[in-house]
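Structure first, commentary second.
To keep things simple, chains are lettered A, B, C, D, E, F, G, H, I and J as they appear, and every chain counts its residues starting from 1.
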Amino acid sequence: MEFLVRFEVDAPASMTADERERLRGLERVRAMELREQGILRHLWRVPGRRAVIGLWEAPDATVLHDALASLPMFPWMDVTVEALATHPQEMK
Amino acid sequence: MEFLVRFEVDAPASMTADERERLRGLERVRAMELREQGILRHLWRVPGRRAVIGLWEAPDATVLHDALASLPMFPWMDVTVEALATHPQEMK
Amino acid sequence: MEFLVRFEVDAPASMTADERERLRGLERVRAMELREQGILRHLWRVPGRRAVIGLWEAPDATVLHDALASLPMFPWMDVTVEALATHPQEMK
Amino acid sequence: MEFLVRFEVDAPASMTADERERLRGLERVRAMELREQGILRHLWRVPGRRAVIGLWEAPDATVLHDALASLPMFPWMDVTVEALATHPQEMK
Amino acid sequence: MEFLVRFEVDAPASMTADERERLRGLERVRAMELREQGILRHLWRVPGRRAVIGLWEAPDATVLHDALASLPMFPWMDVTVEALATHPQEMK
Amino acid sequence: MEFLVRFEVDAPASMTADERERLRGLERVRAMELREQGILRHLWRVPGRRAVIGLWEAPDATVLHDALASLPMFPWMDVTVEALATHPQEMK
Amino acid sequence: MEFLVRFEVDAPASMTADERERLRGLERVRAMELREQGILRHLWRVPGRRAVIGLWEAPDATVLHDALASLPMFPWMDVTVEALATHPQEMK
Amino acid sequence: MEFLVRFEVDAPASMTADERERLRGLERVRAMELREQGILRHLWRVPGRRAVIGLWEAPDATVLHDALASLPMFPWMDVTVEALATHPQEMK
Amino acid sequence: MEFLVRFEVDAPASMTADERERLRGLERVRAMELREQGILRHLWRVPGRRAVIGLWEAPDATVLHDALASLPMFPWMDVTVEALATHPQEMK
Amino acid sequence: MEFLVRFEVDAPASMTADERERLRGLERVRAMELREQGILRHLWRVPGRRAVIGLWEAPDATVLHDALASLPMFPWMDVTVEALATHPQEMK
């Protein structure tokens, strides 16, 4: 099942540039793993914002939640999830 | 997977009382079938409104959509669907 | 009477991981007690968020408030309560 | 249990002035009965609007819904209900 | 003239439990005085929140503002005021 | 006591231009009377809209409501009222 | 450039079932053409609603508008367009 | 003084295609006149909508209102106006 | 040209009572100057809030912005400006 | 392709006046470069706010995002981007 996931990262002002860079590196690694598992399908950036729109695929919302919560930046992410149904034109 | 579904029925003023009553009967019958299939789990009424909150269970949002669209009042229903994840305390 | 209760926990950044873990443990214990008293009926997690949707049952909103306020995380919870009426199809 | 109920009446343009007057009369009669039963406690008018704020008392939201739905203008009322808890200063 | 006043208290995290308790005591004393003056008529608690709905009576919004601003917790209160008109059914 | 009143007129499409013109004439006459009584103090137009912002003065919200409801266009007006307190700098 | 386009169809009640079916057929044909031109990339259905989320690709918003306006149901569609930037992880 | 003006046209379903076309022609003529007078400076289309964003220049909001109200489609336009100040970087 | 300006002051918790008092004094002085220049015409207090509604008059939004930005509390003010057109009934 | 970009700067209270001034200087320099590259076309100030509305032109949203992110104040800017289509009256 597919989900449209929108999140915006709001790292605290107290986080050092080093820590932020380190977390971004871990974030890329974890995202890569989730792509390989087929859970994370595509990311887009919302222009002008520290926000990301993503297309995710998971058997259910519990698996999706665990995948999102495994992102190193998760504690500073504001996330909204929208369940998607397959459009008749996309069915084969 | 569980979904919290909120809908509000807004039958057109032009619908006769008879037609409305007939549709309500069909609605009850269809709801009963969806309960027997385990898709519709529970309904609550929002006090003061022609609105209903329901707990639904379906393998994915496509099956859920088909179940909702099979309701005789669907053309006059404003529906919002919220995907639910299992809470850790509910896992056995 | 049933209530749909949505809450989101926003622990302050200054709270240590230890304190947070300790509070979560107390939270689970208190939730268990409220389940045994029949006040807390079911919890769901909102995917991607530190938010929970719960079905609660209490004789009135005052008892419900006291139950919610007894949760150890209450000072950091943003809570909204929606009163539910019984749907005719659920009446026996 | 007390409820704060806000409703706004939007009678259809097609309703004649006579019908509207007749319904208002029935509305007053029904409101009087609900006051005598102790369900309707007080009404206020929102200045400038066809809107009313009311204080209602009912054992639960199901009884409240039935009381609201018994009002002759109910089919044209947009209603929102807010559950109220007793404030500690009001307890004797 | 009556007013429906909704306020939510958001004491700063830096406030000590002692200071909070002391302010709550002063708040109760001041509320009692305002009740005796007939300005504060009734308070309800919004379940699950540090929010209060109150029915107030004052000759005008300036007197009401002064009464609200005299509450010891006022600096941390988010207040909204709604002017109420008398409903025809309440007129004697 | 002063009130800031915002209203927007939405005459039904079925109203003839003649009827609209006639109502506008009556509206001007009634507004003039309310000005003479000191209830209507000033009107501004919201640019680009059939909306008006007005400064009104009345002993309370009930008198204000009656003044607004006496406007010939009232049945087609969407009105919001905001109670105003006197600013300390305006006190003499 | 990619766009996330959300639209909801609200055919007028006066439209006959035949006309609606005919338009849906034309809609499918036109969507197929836009897919072949590479403008329409993917559609998803919002569960429970007559709403569709689509991923579109066009050189600019003017070409996108023309593509959307060429859909036979366009006069009854409420459309919102969100410009998407490429996420660094998607760059090759 | 400059204004950012956003409007959306919602012609009634009862308007014939001929009447709509005729009005659009008049609209273009009137827009041209307002451009020549220097009141209408630029229009953009909001992709996917019957909405337009415009940059207007007028000595004040009253002149702007009169210009907007002179558009043949004005009775069916929902307009919002935002006053703009000159940015220091644009001052010469 | 007239403007309806709404602002709410949110002084930081770190500001001392002395500093706040000093700023309020400066604020009154500056407001007096703006009144003498005919830019600030009237202020009202929103009851229950640290918010003010004001009627301002300035040749354009740039002059208005400079007047607002000259207020000593401006760095802590959340301001919204609404352009006002003259109502036909106010024209002489 | 044109974009309407609205941003509001919210520099942290901890930033010194010197640092703020230094950043504003860098901001002007960078804005000038973006103007010379034809990406930044015009800026307006929203009266009463630390907010700016800008007209930008870029081949796509990715280039626009990079331009916005290159502004020295970007970490403290809340930005919303609206894609603009060319209006038929502006086409030559």
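Just a few scattered comments:
The rule is short, and it goes like this: a contact is a pair of C-beta atoms (placed from the backbone, for glycine too) under 8 Å apart; a residue touches a chain by one contact, two chains touch by 3 or more.
All values reported here derive from a predicted model rather than from experimental measurement.
The minimum number of touch steps separating chain B from chain G is 1. In terms of their C-alpha centroids, the spacing between chain E and chain F amounts to 30 Å. Taking each chain's centre as the average of its CA atoms, chain H and chain J sit 25 Å apart. Rounded to whole angstrom units, the spacing between the C-alpha centres of chain B and chain J is 46. Shared contact sites, meaning residues of chain A that touch two or more other chains, fall at 2-3, 45-47, 61-62, 64-65, 81-86. The list of touching chain pairs reads A-B, A-C, A-G, A-J, B-C, B-D, B-G, C-D, C-E, D-E, D-F, E-F, E-I, F-H, F-I, G-H, G-J, H-I, H-J, I-J.
The part of chain E that touches chain F in the complex is made up of residues 1, 3, 59-62, 64-65, 81-86.
On the chain I side of its complex with chain E, the touching residues are 13, 45-49.
Interface residues of chain E, counted against chain I in their complex, comprise 3, 5, 7, 12, 14, 61-62, 64-65, 68, 77, 79-81. Interface of chain C with chain B (complex): residues 2, 4, 28, 31-32, 42-47, 52-53, 82-90.
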